[in-house]
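Each structure below is given as structure tokens.
The two complexes that follow have subunit A in common; it is paired with subunit B in the first and with subunit C in the second.
Then we have the complex of A and B:
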């Protein structure tokens, strides 16, 4: 134990080491604070939905109530959906800044609504977020390098190495002690603030433990890398340059090359095609006999087929039917589009097994539910909800039931949990 | 041969003998070539795709059958954001903004299907472009090549030997600067050649390209000065290396990410839900289109009747419903523009805060200079959005006017079975509608937007030069 204390005292006497540890602790805390502030902003935005929504729906209800037309109610009412940040979202904000976490939908064609984004400043999103994941993935390795690149070489350069190797508990044992001590210190300046922040945010014990192990594993990777470079027996300076160059490759260059390769290999052009094709089908309904649309609609949704036939007057049930037929006409494209997105996501996670930097980022964003698959899951929940909305309004439109003020309150609410 | 050149030649020879340095430089050149090629191919692909889609959308619009003009207002049109000519060098925010936009009446839609929403998590690691290579990778490589330039001589005591042989401090530092500066320019050359190759692209103008070349040259020279400066100040080359890597990490990696966090905390943006609700609220205050008794619309009706000298809308020579549509669109569009400007201004303020932080991190300044000159920054994007909105407005109003002039009020309000046929106007009108043409900012405008960033980078360059001059005077003194 005293040997360990001596090592610690030695380490803390180095200005570089002490400064580095303090700096890393400060950066970790700053990143956690920034992440938690962003998550708090997002929660506040979600909490502000009901007030705005009530005002909006209240005004619509006031005039729809006069004619009690369910079609008008469905046409003009926007219904909010939201994707609440997970307890770990503060650690890895992932895509939450560029993909919407609040989206309002109408019972009209969903394919023209579901890809809409929220307001964000692209220049602010461009450099990436300053969050815990960034400090861990990008910066922590640099601190490992600063502390571990010269464990043997500095002793050799100072002429002490042979003496140390000859001591009892010297040589390899000394080296192990030093490495473990540095690893433990780096780990704790990253993990202690993180554990506090995670506990404050209500993250589960198992999740916190997993991330603590993940941090240890990632730091260990860089320590081992430093050790391997040191075994080449070069000077401290050469060691520092080599490990920093490896960092550049593993953290900056290879992931960007991977990004180019993945987006090249898995082309996704369907996005705009979905929008264009859906619009064509929807608008074509005005130029074909209305019965054709209704026939196509009833064939897929026989539960409404017994609805009274259309007259020459406009009826919203036809309007909503052709919107739904429009959605269904692009279902194939939507599936291909989604498969493309999933394939890209899988490929990136697969790359994580080769590149630890990508691996850690992918595990963190996966656990924080801030990655592409979380976005797709949110889209699925919107689709489910939209289905409920349609059924709700169709129950009035196709049965010609009046839609009064009280009925607005009966509309299904988005359930953020499912 | 003069002393400076001699020292520079010696330094270069030493670098050439360092196998790691040579391999790293070759890798960097290869990386630049890969970046130029892939970025160019990527941008070409995007440009082709958008052009194809744009063409399909225009053809679809022109090919619509006889329609009621208001149907065309809802049919709307798609526009695809064209890429600036220099986007292959620095795509800037292009990845983060949507590619396509649906323009229709009454509504302002978002630009959708941006690359960032269609990419894996890797997109947040940065993009491999010539700009990225010059901004991030090249300085680090220069650090690896140059950290020891002066520190090595101090450490090994060869500095004294040099000085005893008659080389002055200025000559020694000057020689090191010359050597490292030459390397910096050689490293930048492939990217600059790639940039110039883009000059053949339509729309590429010389002025912004000159600003980019000038800006990046200043940026790399700034690093050359900083490296030699740190190398002059410290006594051990390893300290120089660690200090320089730390400076690089803070300037290039850390601060560009911290700046947006600060800016976004200082200037919050109103989200889309709140904006839409606020617009709806303002619309209700201005007048309720669903209420026939509404005073605003009653006033409008009275003024129209007075203008034409009739007492009933049925007696108007034009279709009152069309006039009402024109008026309604005018009111909503005013609101869209007001809220749009508010949001753009807020984003502009965020960018200004980040720009102010660029005073302490020239990497931010360089990035904004580069994007501005390439026409891929927020200002250029805002320009596109504003043109899109102007086009949307004029298209919708042409169609509304067509309803006023081409459809009679009696037909428009009729509900008999033949009315649908009589309400339609000839399909020839659709082809007569002008297509959206994006007017790219001129070279002078782009270059002008890049000036603040350029000024900051040059300011840093001057400061670094002054500091180096001071440090040189004290080189070799015992401390």
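Then we have the complex of A and C:
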């Protein structure tokens, strides 16, 4: 039996260590199952979109076909967009649980629609989902501390230290072997279930390997921290208290303070405020001459300026024009809002270099495409698609072309990949 | 012809903790197949002498060698030649006696099958029913028997004992002394650090009195009575008084 096997048997015969490893394995598996179930639920919801869309369009198509009014078609028809989860989304649900991954848009003003889901559910946003990232970032360090805080001190307190240190393979090599064994076991109970889940989810080999290395690096950080505290020569109780305090600081307090500091340093309006400002401009359009709205609209979109003049009767092209003018009135705010979000994201990434817990979470959500960048990219795709929708319906409205049942099939389709 | 290296060699060793000298021109050799007892009061430097031989601390000056190997610069190589029994033998209570022995042997770079281990237990006087019991309920004497069995199995040239009989009842002390003599008969050099003059006089071939980090008395067993315990006690008491002064 090798020295490693002896150490393994010694460790596994300790009830606390065996229980801790089993518990961490159970938590990891539970988190992976929960993450995969959530992603499966999201995929099922996305897969159900085409049938639901056909049903929705079918409900208004017959009525629209009677009137042949493109404005009514544009006003009453919703068009789905979606952000399909990446193969690694199960591991770090990130913003997917608080931000919409399906958004049905109309050709009306976009800003009021796009920020509909911007107000997070605070109950969900505070603790985050119970996913693999949560287990790794928040819980795994506690298990490292449980297994590694007293490697030296417990031997000293039990009176075994000199006996062990006096043996040829019992000096520094013994502590290194014990540390590496614990690190390997902790890594295994986290990474083996993860690797299986990632393979089942279709994640790429390079991505899986990167996360396996990331887990090793994060666990190593905590192991080194425990070793540094042990070097102070304190008692096991003092070591446990010190490492637990460090966990509290590095995983909870400092990241929270960091985010508060970032949010204070980079102050931005909420998306809902942009929606409100857009809505005020839209509402004001009812109180001003319609020609003023159309003049402003044509100035920005001269390709429609040769459209027939408005009569005293209601026309949807005026209605849609003032919605677009409303959108454009907040374009500056939207740009500043986005720049602010990106600046906060950059600052949070910077914080990740100082705080491993933040850094690991940031890397995981980045690889899982569940971070802010992925959310902003989805918004970009929505904007692009919404622009296509407007152009499609404007082609009927501003040219007074009749819109029949068959025209719905010509409407642009959302391309989730772009 | 090349002389074999002395199992234990300490030559003019100086060692200080900060400004406080602990070993002061200490010289002591232990030959193979002999038992040397090192007696001294608290703070005389007994434990530091053992720590120096085990390579836990390095001498500031002088020469220390275990079978010709400097434990200060090559601690692992030196420890391959040493079996060490601390004052309180503490082993893993959640392992059985056999499992503890296997583990300690593995850390010594040695492997033995169960039969060899139980033979050593039997030789050390550990009752058969205790072999597969966890150590939680073992007495100090039983633990020492496990540790000395491991030392027997390792067949190393040097055995270092730190207060081995403190806390043992007379019967356990007699058993332990018999074991040490058995080890000596195998050619092992035994250095025993102790307060117990009577126990030392029972088994030692030589008794050295350590005071303020140097040997002040060095007595070799002579004749059928070996040592004059009364005279030794008087010298030891004088030595202790000097230290206190």
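In this section, the second predicted complex is superposed on the first by the 401 of 418 C-alpha atoms of A that agree within 3 Å, B and C clash if a C-alpha of one lies under 4 Å from a C-alpha of the other, contacts with A are read in each partner's own complex, and residues count from 1 in each chain.
The working rule: contacts are C-beta pairs under 8 Å (C-beta built on N, C-alpha and C of every residue); 3 or more make two chains touch, one makes a residue touch a chain.
What you see is a predicted model, and the numbers here were worked out from it, not measured in a lab.
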Touched partner set for A:303, first subunit B, second subunit C, both or neither: neither
Residues of subunit A touched, compared between subunit B and subunit C (which is higher): B
Which of subunit B and subunit C A:6 touches, first, second, both or neither: second
Partner chain in contact with A:130 - subunit B first, subunit C second, else both or neither: first
Which superposed partner A:165 touches (first subunit B, second subunit C, both, neither): second
Subunit B versus subunit C as contact partner of A:339, first or second or both or neither: neither
Footprint overlap on subunit A, where subunit B in one structure and subunit C in the other make contact: none
Subunit A-touching residues of subunit B, taken from the complex the two chains share: 20, 24, 31, 34, 38, 42, 49, 53, 56-57, 60, 64-65, 67, 71, 74-76, 78, 80, 92-93, 95-100, 102, 109-128, 132, 136-137, 140, 144, 147-148, 237-238, 241-242, 245-246, 249, 253-254, 256-261, 263-265, 268-277, 280-281, 284, 288, 290-291, 343, 347, 350-351, 354, 367-368, 371, 377-378, 381, 415-417
Residue ranges of subunit C touching subunit A (in the complex, touch as defined): 54, 56, 75-77, 79-80, 82, 84, 86, 88-92, 94-95, 99, 102-104, 106-109, 111, 147, 160
Subunit A residues touching subunit C - in the complex, by the definition given at the top: 1, 3, 6, 9-10, 13-14, 158-160, 162-171, 173-174
Interfacial residue positions of subunit A with respect to subunit B in the complex: 16, 27, 30, 34, 37-38, 41, 45, 48-49, 52-53, 55-56, 59, 63, 78, 80, 94-95, 98-100, 102, 104, 112, 115-130, 134, 138-139, 142, 146, 150, 236-238, 240-242, 244-245, 248, 251-253, 255-260, 262-264, 268-269, 271-273, 275-276, 279-280, 283, 286-287, 312-314, 340-341, 344-345, 347-349, 351, 357-358, 361-362, 365, 371-372, 375
